[in-house]
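Lettered A, B, C, D, E and F in written order, each chain numbered from 1.
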Amino acid sequence: MGQKVAIGKMAVLLASLSDEELTFFRPSLSAVQYCQGKVGSMNMQKVISAVETAAKRNKLIHESYYRETHALYHAIMEGIEGVTRGQPAIGEMSRTVGLRFAVVRGTPYTEIGEGEWIAVAFYGTIGAPVKGAEHETIGLGINHI
Amino acid sequence: MGQKVAIGKMAVLLASLSDEELTFFRPSLSAVQYCQGKVGSMNMQKVISAVETAAKRNKLIHESYYRETHALYHAIMEGIEGVTRGQPAIGEMSRTVGLRFAVVRGTPYTEIGEGEWIAVAFYGTIGAPVKGAEHETIGLGINHI
Amino acid sequence: MGQKVAIGKMAVLLASLSDEELTFFRPSLSAVQYCQGKVGSMNMQKVISAVETAAKRNKLIHESYYRETHALYHAIMEGIEGVTRGQPAIGEMSRTVGLRFAVVRGTPYTEIGEGEWIAVAFYGTIGAPVKGAEHETIGLGINHI
Amino acid sequence: MGQKVAIGKMAVLLASLSDEELTFFRPSLSAVQYCQGKVGSMNMQKVISAVETAAKRNKLIHESYYRETHALYHAIMEGIEGVTRGQPAIGEMSRTVGLRFAVVRGTPYTEIGEGEWIAVAFYGTIGAPVKGAEHETIGLGINHI
Amino acid sequence: MGQKVAIGKMAVLLASLSDEELTFFRPSLSAVQYCQGKVGSMNMQKVISAVETAAKRNKLIHESYYRETHALYHAIMEGIEGVTRGQPAIGEMSRTVGLRFAVVRGTPYTEIGEGEWIAVAFYGTIGAPVKGAEHETIGLGINHI
Amino acid sequence: MGQKVAIGKMAVLLASLSDEELTFFRPSLSAVQYCQGKVGSMNMQKVISAVETAAKRNKLIHESYYRETHALYHAIMEGIEGVTRGQPAIGEMSRTVGLRFAVVRGTPYTEIGEGEWIAVAFYGTIGAPVKGAEHETIGLGINHI
């Protein structure tokens, strides 16, 4: 049996909590691989690219295998669905995002055959391209990898 | 100036953390009104209804004003967009959800004129109607009220 | 050259105005074929069916030709997109509609080769299944026939 | 009790009727605040911006409160759903719009506690970026403010 | 009675098979009008435009009638829904397509009154803008014309 | 290096061609695992379930591993997006489908590390619940497994 880890919850906490707030959860993080990052943009390609680059640089996915890029891409897009709630578009809809994100790779099931899965979480703000004219948003995507 | 509270983050933590894990965040909760609940279903109407009922019973919205029901409804539906990632349907797409949810009402902006806002968060699992055949999911909706 | 008629505007007025308010527009209606109806439901199939039945009964489409049923169906669904704004679902999203509708068939272009087109308009309310907890909604679909 | 006004219908008529056609409805307009405008574009940001600018310039929303910008934004986007029927995109889908729009602010419910609501209506044409290759379209969004 | 032809299947085979593989199906093609083409892009307008241009150049639609452009446009967009599966966007979602396409015009029903219909099929790859990081995709749209 | 197979094209041909038409393609099928089936319904759950059952019965997925069920489910849903073009709903939108389907599992990339992928294709008709009032439709979903 492998070690069951709530990779989605871990990703959400990594994206939304401060370092101090994370202290309590540090022990759980030792069972997974993860990375964190930030991106602010009206351009969804930049958001996608920021996560992909961070995941590759931190060896969360095998860059040379398309199957891992494919798994990550769909997890990112599902996270973006939560962030954008309805239409995965930002600038085209005259809005902008300021996001922290986290990618977590681990084994969320005790059965070893279930293998590794990947979680992508976003937390931050979405709103008009005017300072303060924004509210919180969150998104989480999960995929087998 | 009012007290600025991250009602979205509060809602997400209330929906996803255990009571013990929440300990650290208790002080921040004193500045908002909130309620928590649980719902498991293949029927989206039941999910919507569970949140509406909890919010009304706990006086988070004025039941007799449609404008508050309207604000809550759209926050719920936006949270469901994150949970369902792509199509706000559950049973019709042969999947089921097991969710904890939280509704938070407070003042997320320091400017008093911004008034009250409402946040609805979901955290739990989504998957096939077979035990264990599911993964984590999250959703957050926010609206002015 | 044929007689150019704004079939979409005609349909919208037929669906939203009272008989008295329509008086001013009666002359324009002589150049088109049209029918009006009403439907209230949480079930989208009933809404679709109400329009199809009214259109067939009033000879707005040739019932025995699928190409005309097909043209009407897509016009109805586009009208429903406006009514539901985001997801063409009613009861599944815990909401109900009370609608008046109109179907107009005519020649919106002066060029004879452009032939006949069909417009379907809805006007009424959408909201929670509680009296008064609803607001106005409109939708218009147009197709070549 | 306040004065009940069908702000959605008012907005639709303001966006779709000529000045002469509107004569009959002028008395009802005295109970609401409204503005009208025009926009033609393949760029949805320009459509959104045209409505926001008109609403602010005509004092239909308090420019300095994000909650009012937020209410207006969602009403605009819901109106655009009706205009675009399916995907809120214009140029990306190789189509263009020529629209008249109206924003109406008023009290659609007799109960004073229901407060003010805002309606945004569009009426015009959508089609290929070729003169005449277009048909009518309409959209209406309504929100509490 | 007209000659019933599966225009959708014809279009799919024309878009996905090699010339050699098509040999077996050549006889069926004599009953329809068709054209084939290729397009690779991150820009959906270019994909739409490539099909429209090929269809006009090969006289599959009457260029001067909007009703035929309208029929073709909706068939193209429905084909793109299959290609993009979820959101009809390419570059905005950081992906690219390499597609072969076919447009077929014919009489899919034996009843003469059903007249002509048009089918648009796409077959090729969709994926990251990196060589090899892509998988197959298909789409088919059909409309009365 | 593994044997590169166009599993998507194989799935589409298996779903759309007659046994006789498939003769030419039989040699390519020896390199993949596949199954075929049929389903007619207004209920999307039945469509999903028909494919899942066929895939499990024919050992195309390991029934006891959720990761394989998860991979198949998303491939099915992507195929349904092509079939339904816009909204993955059937009966709720007053339409019915009559579909043949195929599931193919194989190695679409020469690089061994890319491993196995799964393709789900549908081909058949979609339309009103009236005999003959329907047109062709196709859909293809592909996922790593």
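Throughout what follows, a residue touches a chain if its C-beta (ideal position, glycine included) is under 8 Å from a C-beta of that chain, and two chains touch if they have at least 3 such contacts.
What you see is a predicted model; the values in this text were computed from it and never measured.
Chemist: What's the chain with its C-alpha centre farthest out from chain E?
Modeler: It is B whose centre lies farthest from that of chain E.
Chemist: In steps of 5 degrees, what rotation angle do you get fitting chain B onto chain C on the CA atoms?
Modeler: The superposition gives an angle of 120 degrees.
Chemist: Going through A-B, A-F or B-C one by one, find the pair whose contacts repeat those of C-F for over half of the pairs by residue number.
Modeler: When the residue numbers line up for over half the pairs, the pair is B-C.
Chemist: Counting residue numbers used by both copies over all numbers at the interface, does the chain A-chain F contact come out same (over half shared) or different (under half)?
Modeler: Chain A vs chain F: same; shared/all numbers exceeds half.
Chemist: Just grab the chain with the largest centre-to-centre distance to chain A, centres being mean Cα coordinates.
Modeler: C
Chemist: Whole-Å distance, chain D centre to chain E centre, using C-alpha means?
Modeler: Chain centroid spacing, chain D to chain E, equals 36 Å.
Chemist: Please tell me the distance, in whole Å, between the geometric centres of chain E and chain F computed from their C-alpha atoms.
Modeler: Each chain's C-alpha centroid was found; their separation is 20 Å.
Chemist: Quick check: what residues of chain E touch more than one other chain, meaning two or more?
Modeler: Residues 66, 70, 86-87, 89, 92, 109, 117, 132, 135 of chain E each touch two or more of the other chains.
Chemist: Any idea which chain F residues touch chain A in the complex?
Modeler: 62, 64-67, 70-71, 74, 109, 111, 113-115, 117, 143-144
Chemist: So in the complex, which bits of chain C are touching chain F?
Modeler: Touching chain F from chain C are residues 44-45, 48-49, 66, 69-70, 73, 77, 87-89, 92.
Chemist: State the interface residues of chain D toward chain C in the complex, per the touch definition above.
Modeler: Result: residues 6-9, 12, 16, 21, 24-25, 78, 81-83, 85-86, 108-109, 117, 119, 121, 123, 132, 135-142 of chain D touch chain C.
Chemist: Please output the residues of chain F touching chain C within their complex, sorted ascending.
Modeler: 87, 89, 91-95, 127-128, 130, 132-135
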